[in-house]
Amino acid sequence: MKKYVLLVSVLFLVLGLGSAHAAKDTVVIGLQGPITGAWAYEGQMAKQSCEIAADLINKKGGILGGKKVVLKVEDDAGEPKSGALAAQKLVAQKDVVAVVSTYGSSVCEPASNIYEKFKKVNIGYGVTAVRLTQRDFNYFFRTCGRDDSQGKFFAEFVPKKFNAKRIAIMHDNTAFGKGLAEDTRTALEPMVANGQAEVVYFDAITPGERDFRVSLTNLRETKPEVWYFTGYYAEAALLVSQARDIGITCPFVGGNAAINDEFVKIAGLNVAKGCYMTNEALPGDLPYPEAKEFLDAYRAKFGDIPSSPWPIYAADALNIIAYAVDKSGTTDPAKLSAYLRDEVEGAPGITGPIGFTGQGDREGVPFYLYVVDDQGKIVVSR
Amino acid sequence: MEQTPLTGIGKLASSRQLHVALATAVFLLYPFMVSNYYIDIAFYFGIYTLLGLSLNIVLGEVGLFDLGHAGFYAIGAYTTAILNTKFGIPILVLLPLSALAAALFAYVVCSPIIHLQGDYLLIVTLGMGEIVRLALINNPFDLTGGPNGVFGIDFPSLGPWLVIDSSLEYYFLIWLIVGLTILGLTRLQDSRIGRAWNYIREDETAANANGIDSRSYKLLAFVLGAALAGVAGNVYASKLMCVSPESFSFWESCLMFCIVLIGGMGSIPGVIIGAAFISLFPEIFRPFAMYRMLIFGSAMMLMMMFRPGGVWPRKRGAVKYESLLEGTGRTDA
Amino acid sequence: MHVILEQIINGLTIGSFYALIALGYSMVYGVLKLINFAHGDFFTLGSYLGYTVLVFGAALLTTHFGLWGALMAALIFAGISLAIVGLIVERVAYRPVYPAGRLPAVVSALGASIFLQNAIMVVWGPRFQAYPSALIPNVHLQIGGIHLTLLQIVILVMSFALMGILYYIVQKTTFGAAIRATAHDRKTASLMGININKVILFVFTLGPALGAVTGIMVGMYYRQISFTMGWNYGLKAFTASVLGGIGNIPGAMLGGLILGVLEMLGAAYISAAWKDVFVFIILILVLIFRPTGILGEKTAEKV
């Protein structure tokens, strides 16, 4: 008997460790992200970004007349089951007003079901799968764009720019990369129908692999005039350097996860220069004062700016939650969600003015074509 | 090996009844005292217990090294997901169907490889598990949704009267299934089949010589184990409402392997303890953020150092391991 | 024809990585019948140590020893460090569970793997790390229409040299004979006066050191490393060692090379996305028809 009592009480005690009670003069915002696991670098940068964003808000006097924003981080390890548990943990905490959640679309799916059921506003920051906002959810939003908007941009802009007819599309079989590749192919269909373009190559590589020479040899044999890769920078850097090794010379265009400073570092300047990417405005090019302020603070604390675009969307998700709570004066989830959906228009954000569609998508995320210049800087291509 | 004096049997029975009664009371009261998060932890604890029990048949009872058990789990989960979303078949109808699908799959794949021994069986099952996962990612015939997986799976329901859609109801669903499974498996342990399995584990040649058709018994273990994993897959899929390939990685197979060994091979209470360790430990150490897996790894090593035979090894017919240093003249640690 | 030759050379390059890692698995398995799941993380750790030397010591090293000197320094440093780490892991994670048998050792090995992987993440951070590309000579060659890089040739030469040395040690020296004898029949070997402890320590020094060297070569070849990469390479290398006949040293080399070439050909002529499926199916077929691997001896194993 004693043993059981002991066991059960120890269990409760230990499990209760994480849920310290928050003081009344704070507003707690949750962050669910991959702090461990294969996407840990993304999750940890998102955490740092949200910390900076919260700091900046607090330095300016907080929200709701002086309340401080406090961040509560839960790890989802980039895995659906852990994501669902993290979401349960966050919805169980009544003081968490809303959640920044999460990086990967397939982790977001079960988690957002839970947030929806327990009526907690959740804003995705790296979840670009189109279907997420087609579920008629009340509490789901995202600050990042959708796969199909980028695909449309590619189709309208890129073939014309390079005067290219033979287009190769390569993805990495991840939810994000494959989605973008398929949306791009769909967006190209009218041009294919009237003979302006031809998709000569459409295949996947395996992420986490290092050797892509085989796929690239196949790609080379299709003689593409432009080559679009929709995966992540880790693979993109390997792909471009291996492609140059085996004699592929056509322009390389990466999707918005493909090119960043790490890409240049891994591929080396010789290989990286002249590579293009389709992207929302990059942190450094964001013309908004909020962006400069945020990036300066981030650089001051962590030595460098985030190496991928997503952490900045996480920071903006936190910003918009704080903004909505402050302006609407409520932490009631239903009212908060309605406010975000209907009232928020052109709210200041690091990535530009923030507003949401009726479905919870971000309104107007403009895309640009970027290029790596001779110094290895990523600049808007003219 | 502990010996219980004959005169103590009555006393043992009553203390055992007390334990069971207490455990039941804790089990019934627990979900009404805590938040959904803690109920969900207990739910996943139940899933891992079921998975551990299913692997325990193969690994613990028969001693077959199976490092691809997540493959069977995946088959169960995806059968449920696909049939439910494409044809609207209710989840509870799919429960036996998923078990059947996983069992059938196990029968087909394991038939040609069942004669393999030890580590060779291990690598082949590992390969089988990886093939399943890779196939799910590659989206054959547009069925599995590729890396995105399948989404929009229903809740289990019995007409309009009983819809299982809260954490509480899922908790009771999974533990009901686990309870029934334990009841069945305990009986199986003492049956002719259970004893034949243990005989094969201890000495296959002798078992064969005594007229046990080891091939059929080994296949039976795989089929039964796969069926249970399929059941776990069914419940998991409906609970998460979506399935995607990263839930069925090689790592998941490794975790199941650890559940059985941490608890003690062939021991049902051991499986529960092993599953508790695997599912509760990372949650308990959540506050440690990026250090939690570091602690988890160390704990696994420590467990094996201090309880190499498992935390709760099976008393009767406990598995004896041969020392890795057998014949080296070194017996120290 | 050029294309297929090119694919085969690419396959051999990646296969030689698998082969060198597989050697570590196979030696430990031969002596202890233990699957050392932490071996893939030895490889990762070696790669990160080499990275650290190249990034932080590069300026100093290159001025004194030149480019190749710096590389050698990284290889030697990582090799020796990993030999020490290997011994520590053997002492801490494995030796206490030897008397308990092989299955608890598997759990302990998985625990060691998680520990090492996450320790690397904590120390070096979760980001991908870029190997300094300026250090790596990037010369493109075209020999009879086949595209090659100088680095590829260097890696192939180095791997084959390492494999040759190991082959010599194991097949021609007395100590090698002791390793083979232990792998073949430990009891008898021990009765014949072979010091099994020494053999165990030897395989736990040499295996991780080889893994570390491979880690650096992988870093140079692909120019980027991540803390999770050991798991994938470990899985493939373990597969390779079983394919060749686990416990058998020439088998591990052959298995690795075959696996690499199969993977490349599968990707080229079947489908890049299905290539691992193709590899595992071949593995299963080989084991069904030749249950002890390509070079494995037929034994009546009792488990």
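The letters A, B and C name the chains in turn, as written, and every chain counts its residues from 1.
The working rule: a residue touches a chain if its C-beta (ideal position, glycine included) is under 8 Å from a C-beta of that chain, and two chains touch if they have at least 3 such contacts.
Everything numeric here is computed off the predicted structure, so don't read it as measured data.
Steps from chain A to chain C, taking the shortest chain of touch contacts, total 1. Judged by contacting C-beta pairs, the busier of the interfaces A-B and B-C is B-C. The centroid of the Cα atoms in chain A and the matching centroid in chain B are 35 Å apart.
Distance between chain B and chain C, defined via averaged C-alpha coordinates, is recorded as 32 Å. Residue positions of chain C with contacts to 2 or more other chains are 118, 121, 126, 273, 276. Among the residues of chain A, those in touch with two or more other chains are 36, 40, 44, 173.
Along chain B, residues 137-138, 290, 293 each make contact with two or more other chains.
Contact residues on chain A toward chain C in their complex (touch as defined above): 36, 38, 40-41, 43-44, 173, 203-206, 208-211, 213-215, 217-218, 221, 233-234, 237-238, 241, 244-247, 262, 265-268, 270, 307. Considering their complex, residues 63, 112-113, 115-120, 122-124, 126-128, 130-131, 134-135, 137-138, 204-205, 250-251, 254, 257-258, 261-262, 265, 290-291, 293-294, 296-301, 303-305, 308-309, 321-331, 333 of chain B touch chain C. Within the complex formed with chain B, the chain C residues making contact are 29, 32-35, 37, 92-93, 95-108, 110-119, 121-122, 126, 186-187, 190-191, 196-197, 231, 235, 238-239, 242, 246, 273-274, 276-277, 280-281, 283-284, 287-288, 291-293, 301-303. For chain B in complex with chain A, the touching residues are 18, 22-23, 26, 34-38, 40-41, 44, 137-138, 146-149, 151, 167, 236, 239-244, 246-247, 280, 282-284, 286-287, 289-290, 292-293.
Every residue of chain C that touches chain A in the complex is listed here, in rising order: 3, 6-7, 10, 13-14, 118, 121, 125-128, 130-131, 133-134, 138, 140, 142, 147, 149, 218, 221-224, 226, 228-229, 232, 264, 267-268, 271-273, 275-276.
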